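Right, one structure below, let's go through it.
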Amino acid sequence: MRRLLAARAAQAVVVVAVVATVVFALIHLAPGDPFGAALESGRVSPEVRAEWRARYGLDRPLAEQYVRWIGSVARGDLGWSFSRNRPVAGALASALPNTLVLMGTALLLSIALGIAAAVLQAARRGSLVDRGSSALLLVFYSMPEFWLGLMLLLAFAYELPIFPVSGVVDPVMHEYMGTWGRFVDRVRHLALPALTLTLLLSAAIARHQRAALLDVARADFTRTARAKGLSPRAVLLRHALRNSLGTTITLLGLMFPALLGGAVIVETVFAWPGMGSLATSAIAQRDYPLVSATAIVGAVMTVAGSVIADVLGATADPRLRDA
Amino acid sequence: MSERAAGVRPLVSVRDLAVHFPVKKGVLGRAKGAVRAVDGVSFDVFPGETLALVGESGCGKTTTGRAVLRLVEATAGTILFDGTDVRALKAEPLRKLRRQMQIVFQDPFSSLNPRMTVGATVREGLVIHELAEGAEADARVRRLLEEVGLRPDQASRYPHELSGGQRQRVGIARALAVEPRFIVCDEPVSALDVSVQAQVVNLLQDLQRDRGLAYLFIAHDLSVVQHVADRVAVMYLGRIVETAPGEALYDEPLMPYTQALLSAVPVPDPDAKRQRIVLSGDVPSPAAPPSGCVFHPRCHHPARDAACARIVPPLEPKGEMSGSGKSAGAPHLVACIKQPPTTVDDATQRAAGATHPPQRYLPVVGAR
Amino acid sequence: MSATSGPWSVALRRLRRDRVAIGAAAAIVILALAALLAPLIAPYPPNAQPDIVGMATLPPSGAHPFGTDVFSRDVLTRVMYGGRVSLGVAVLSIALSITIGTAYGAVAGYVGGATEAAMMRLIDALLAVPRVLLLLLALALWGAVGLPALILMLGLTGWFGTSRLVRERVRALSRGEFALAARALGASHARVLWRHVLPSALTPVIVAATLGIGNVVVLEASLSYLGIGVRPPNASWGNIIQEGSEQIASGWWIALFPGLAILVTVVAFNLLGDALRDALDPRK
Amino acid sequence: MTPDPLLDVQNLRTTFSTDAGPARAVDGVSFTVGRGETVGLVGESGCGKSVTALSILRLIDGAGRIEKDSHILLEGRDLLSLPEREMRDVRGNRVAMIWQEPLSALNPVMSVGDQIAEVARVHAHASRAEAHAKAVEMLRLVGIADPEQRANEYPHQLSGGMRQRVVIAMALVMSPALLIADEPTTALDVTIQAQILELLAEVQKRMGMSILLITHDLGVVAETASRVVVMYAGEVVEEAPVRELFADAHHPYTEGLMRAMPRVGGTETRLATIPGAVPAPTDWPHGCRFRERCPYAWELCEREHPPLYQIGAGHVSRCHLAIEPERRAHPHVPIAAATGAGAGE
Amino acid sequence: MTTRRLSAAALLLALAACGRGDRASGSEGDVGGTVVISTAAEPDFLLPPIILSAMGKMVSDQLFERLAEIGPKMNAMGDEGFEPRLARHWTWAPDSLSIAFELDPRAHWHDGKPVRAADVKMGFDLMRDPKVASPQAPNVAEIDSVTVRDSLTAVAWYHRRSLDQFFTAAYNVIPVPAHLLGSVDRANLKADPFVRNPVGSGPFRFVRWVPSQLVELVADTTYFRGRPKLDRVVVSIAPDPNTAVTRLLAGEADFIEVLRGEQLAQAQKDPKLQVKQYGGVDYAFLQFNLRDPKHHGRPHPVLGDRNVRVALAMALDRAAIARNVYDTLATVPFGPAPRSLGIADSTIRQIPYDSARAKRMLDSLGWRDSNGDGIREKNGVPLRFSVMVPGSSRPRQRVAVLIQEQLKGVGADVTIDQLDFNAMIAKLGTRSFDALINSWHPDPTPSSIRQTWTSEGSRTNDGSNFGSYESPVFDAQVDSAVASHDAKQARTLYLRAYQTFVDDAPAIMLYEPNLVAGASKRIRLVNLRPDAWWAGIAQWSIPAGERIDRDRIGLRPAAR
């Protein structure tokens, strides 16, 4: 397990380096001066502009810029955000926890929901419950994130104002609430964005988990378990579920970027001040240091997610532990 | 190795063949050790004869067969095909040479392209080597199908529409299409039912007779091997531990491993009372083979002692030149320092910690 | 058995018996026809603004079954024309990404060794960036892009998964026995790859492509929602929704119908993809 | 056949629905297994022997079903009429099963100790500790060294032979009355096969259970079974005590099988073959199902489905030769030469 | 809408925010309460010399007091009507080349230190220092220097006399605390903690700024001119305009500066909300580039011809466009000045909407559709141009689509080039565009037209005459209007210039929106000025009986 972790950590470094390179290449491949627009407003004197360019090394040869860029990424120095007027690291530090809360909640809920649905479906395979819930899940699975978000917003914030429309907490009152009040406030704000992601994600998980369960149900050892005299329930929960979890965990690892992508859109719809909102606004404002940093942090999160998936997968499947 | 029947040159001659697969670890896939799948194997196959390579799963027999055809790259050793150094060939001459040496696989289903009809599969060799095209190729495909016992109209079938035996016949027809001189038969009948197995075994024998083919017949089933082989080589953990003409090997197996192997084969005769040698434990991992004689940890030879763990036994002649027919004059070679006669003299053995002198040990005499 | 019992005709026969697959295919055909034939069958010109003061944002009626938008344009017509863009973008970009992904994955999987390791590390890295983010970055960097560039970018960001899939299949198949048999016959690497490995490796790719079309339709809609997808005056389902999302209370029909079109499309492609996967499943 | 048999299978018919129509995989099979006896169930792939085994445990699922008029009496109780809950008490308890592929038969994510213990937990309602102790005891019984350690290992960490020992240990936890062994050594190397067969013989001696040994290998049957049931095309075609069968096989199929089998020490240079292949279970031929491959077949064989004829004591054969034995002297083709253009496959 | 304001940043920051200096008064009953202002814009900084964004301006105006405030007549010429703020009174030098401001000794910074003349100088110096690169440097270009005469007297020295020289110092030079900013690294001023955590001298104190979420201010009860009625002002930052409105409709916010269309209708129906029109100074137009975007020396191949521009203007039903986008809340402007400034009027002759005539005119100019593709050509050049619109402005995107379709009707092919804001700025800077839909938020002095429409504005780097409209006649008319000292005469001269502008059609005036603010009914809104709705926040109040939870927080600091 330790070897697995070490290998994955080394792999993660490679991945992040490649992502940093790709982002650098993208920015420098794009037409025009990458940092031009931010400096181009007529109010900035040429001298100042030259000074800024020098400060960010934009006057150097591309190769040197690249080395500096990789070097600063390696040091964790992510630069200065033009649009936020603060260090990129600070902007990330305030956004990241919100994203983690949103994604973490959605992930936990959807794993629980998705697996529960799949177990129910697999247990009643072919029944009305199975087919009905499969159809419903497919519809959720097929919905654009923003559309589902908009519909939930329309229903539960507009027409039936149970939940707040945006943000992480009540902007004004939160600071003046008690501990319980704050908790409730957070949960209320979290509800709709987390629900949106959860519905989409649990639909995906349930679909895969159901297929995995049915696959396992065909496996020889499931027959062995039945031949031992186990009840269908015990076979499903003790043998089939545990085995199929492996593929679901792997799937979650692979789905992590998509989940992050979904979070970007959901955060935008619900004005959730996380990495996604940060990235979209940074991109809209051509704040390249911030854009690059969000891409890199996104990659780090993805890699971390896949490492976690690997570790969990190895916990669920001893074969992977020795691999 | 064998200088019998002066003037007959081996068609295939393999010397000190080794195939090691690296065990990869870490991010960059650095090799950390190797699986010694084949570790110093030598043998000859003469025109028109069948050499059987026998052993249990994982002993390296399939890898050996593939390495001879350069379908896996050998780590060391030489492979001569009709005098040509196969390992030294560049891509194009190798491609050309493949016309002369073919392979038939164990699993007739996975070795056929599911998306190609029987006809296309058989025809492919003709196309590749530009042996025939158009109507002529069609005619040759039909002839080949008939020759292996299929109906010509089955050319338009797909593999999944055929039975196991029929598929294996297609595999054989594919190999025959390019008119090879040598075929590696890699467990060609072990996936088949008994009744079908007999059909395919007979077919292979008929083809050998009609076309003068040489076979390297890889198998784990000693009873099938006895029926097809002129000579038999027994492999264990990547090495040949005994080789002899068929009759000699089955009559008087000298390597303790061969003895155990032979004794373990169930005999379809309820009245046969035989002494069975049941080996303890499992085959060790080829990534960490035992020192000395690789078989020594499981050996039942009464003279087994510390020297067995120290001395790598040479594959040396132990009996008189025997054999009849195609294998006439082939020697009986065994890798065991405890089975006299041996070139590893007493002094050497004692120096390696031997406590027992070699002694003739024949617990399974006359399986025949 | 008939002479046409190759894997594809078997799959087709299975599909023809699958009522869900038939329904999904029918839905796709209807949507595609409505889009393709829009210039012939759409009730109005797509961009005509008959009366921007009096006819803007009218609810569905006999004359305008899907209502009108803020510019007094017919929403049904717009949805039909939008389908041309949405489906066209999806199909073309999937075709592009499948081509690139297959070529890349095939090379990596067939060549193997250090080359493969390096190629796949790159894929790992590219897969680690959420595609939406990558697209946002690229589209923002290149500024306003036309449809060809959008297709190009969707295609260029969509092939990583395919290449992985192809790599795995090619790797397994090219080391498998029938590829070995072909090599033993003297077939060149190119021939083994092209004739033996790729045709079998493509089965899951075709399923993935079918499922992928739905994904790209959603992705295009999301990008348009974020304001960087298909730009007006080109109608796409995504930007009709975007326009409509601002009238959601007073003109719900503007966003609803293209949204339903997306939903039906994606559900249909998902069902078809699932059916295709089952039909091509050799275990059955 | 046996008085008061342990298992009495009567007219078992198991059908699967397939794209090509109903497949009568097992089609009216009857046989018995006496107490303490080892019965060999022999046949080639597709003959229905494995389906028979699964039917006994009622583990047929999906597209398959056991027809109404079938009976499987275990100690006099018809398993087919038991409610599912009671049937579960039979599985793994009175009747246990071991499988062909020990690796796939074991749950890869559960330690082997837990998998063995599970049987004790379910049937003996043992506590966790008791069950674990039982698992270790069983591992020791099947000859696994260092059982305490091995109990915590997972299937992939064991060798093929050891895995099969684990499967056997799992089957023996409740000292079942009947052990069904479905090709228990087919996936194993010959030296390991010898070990496993020896183990089975030993535990049978010690525990006294009956064994239904399903195999295609006549050699294995000759060495282990006391009575042999030969199946072909979903039917029993011959049943006899093992010596009698090997000495005097009556059914042409059994005869062909014996001759087609290469044997160590055999003298023939050329094997006899059975031409053609097993017909499809969706489309059994009428009359005698073997007649198209049979060297003796005549028009009666096409007209009339042969019943099981009594040949001798405990010896039955589904072949019309029983009533016209002189025809055996006149095969259509010399049996040894039947090879080559076997286009009828 | 926020970015629309931003796009006019150059002018916005020249704007005089004037406010009547009502003293805080009234009973105990209307002191207290929280107002949550919903916006989609985030302040950039909170230190006046480096602020560029409108929202930064709005917040800093609550935090930082200026020397004097413009009077109710909004007169920017001379000091007539100006009311004292930090400056108790001021003295003109006899030659009018300097003005001495005497500070109110009661004025103090929120850290308790008194406001001193050095603070005025510091405010000016920061604007002027090239290291700071203040975007507002041009706004104080008229001032040569600020000196400290004594601790309470600061003197502004001018290069030359002008009508708005008092306004320049009193409005644009905002004192900042020298004792806190004296030692900052000016080259890195934007990174200094102060700019995100300022100490001001105004009626509200800074509490906190959570990026992209909120800025919170609380009443300074020791403010020398009397504490504001509200306890607390929170700027709640939404990521987009829709969300900002939604927050008001959902009751999470109390005020939004602009409501329109559907959302306005919703707010009007909502019993908890009030809507309030307050005019506006914005005007939007379709601006043409008169120069060839590829060769600046040549006229634009299509739009360089005045007659073509006039024909295009005739083809546009501007009333319908305004109606479609703003319903009744916008009117077609008379000329390049909004009605609310009172300088332009209906006497200016307009180009009528007459598409038939537009077609005839184009025909006679030689633009004919000879190849039948629906688009006119002349000498092989198609009547085709692209129109830039910022991706952030929905109304302008909508207008672009309307214009596109209407011009298609007369055989002109318009492509819409939707750009993000910065990309658009870059193209404007290099003049590489055909046309754009833009909007100005001009300052109350009509002279600002120089920057936007005269030759001067087209040549200099700071100018905003992106279309290179260079008419000597118009230039001369504007110059004489600016030079005039008589208001009546100036008005006549300006009207003449506007007429020239309308006839030349370098841009087609589209609409001037009538801004409507939305607010919770419990807020008593005071002094929503067309140019600066926030001018009266210190006087807004919430009656005790109508307060809700957040109004009752009081002045206590946040629990954290």
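Every chain is named by a letter (A, B, C, D and E) in the order it is written, and numbering of its residues begins at 1.
Keep in mind that, in the parts below, a contact is a pair of C-beta atoms (placed from the backbone, for glycine too) under 8 Å apart; a residue touches a chain by one contact, two chains touch by 3 or more.
Given the structure is predicted, the values throughout are model-derived calculations rather than measurements.
With steps allowed only between chains in touch, the distance from chain B over to chain E comes to 2.
Considering every other chain in turn, the ones in contact with both chain A and chain B prove to be C, D. Here C-E and B-D were compared by C-beta pairs in contact; the pair with more is B-D.
Rounded to a whole number, the gap between the C-alpha centres of chain A and chain D is 53 angstrom. Chain centres here are Cα means. That of chain D falls 91 Å from that of chain E.
Annotation: 40 Å between the Cα-based centres of chain A and chain E. The set of chain E residues that touch two or more partner chains comprises 391, 420, 423.
Among the residues of chain C, those touching two or more other chains are numbered 140, 143, 227, 245, 249. Touching two or more other chains at once is no residue of chain D. For chain E in complex with chain A, the residues that touch the partner chain are 10, 34, 36, 44-45, 52, 130-131, 133, 135, 137-138, 187, 190-191, 195-196, 210-214, 216, 232, 234, 236, 238-240, 243, 246-247, 249-252, 391-392, 420-423, 425-426, 429, 461-462, 464, 549-550, 553, 556, 558-560. Residue ranges of chain A in contact with chain C, taken from their complex: 11, 14-19, 22-23, 26-27, 29-31, 34, 138-139, 141-147, 150, 154, 158, 254, 257-258, 260-262, 264-265, 268, 279-280, 283-284, 286, 291, 294-295, 298-299, 302-303, 306.
Residues 47-49, 52-53, 56, 70-71, 140, 143-144, 227-228, 231-233, 245-247, 249-251 of chain C are the ones that touch chain E when the two sit in their complex. Of all residues in chain E, those touching chain C in their complex are 242, 262, 265-266, 320-321, 323-324, 391, 394, 397-398, 400-402, 404-406, 408, 416-420, 423. Chain B makes touch with chain D in their complex at residues 56-57, 146, 149-151, 162-163, 165-166, 193-199, 201-203, 205-206, 220-224, 226-227, 250, 260-272, 276, 278-279, 282-283, 367-368.
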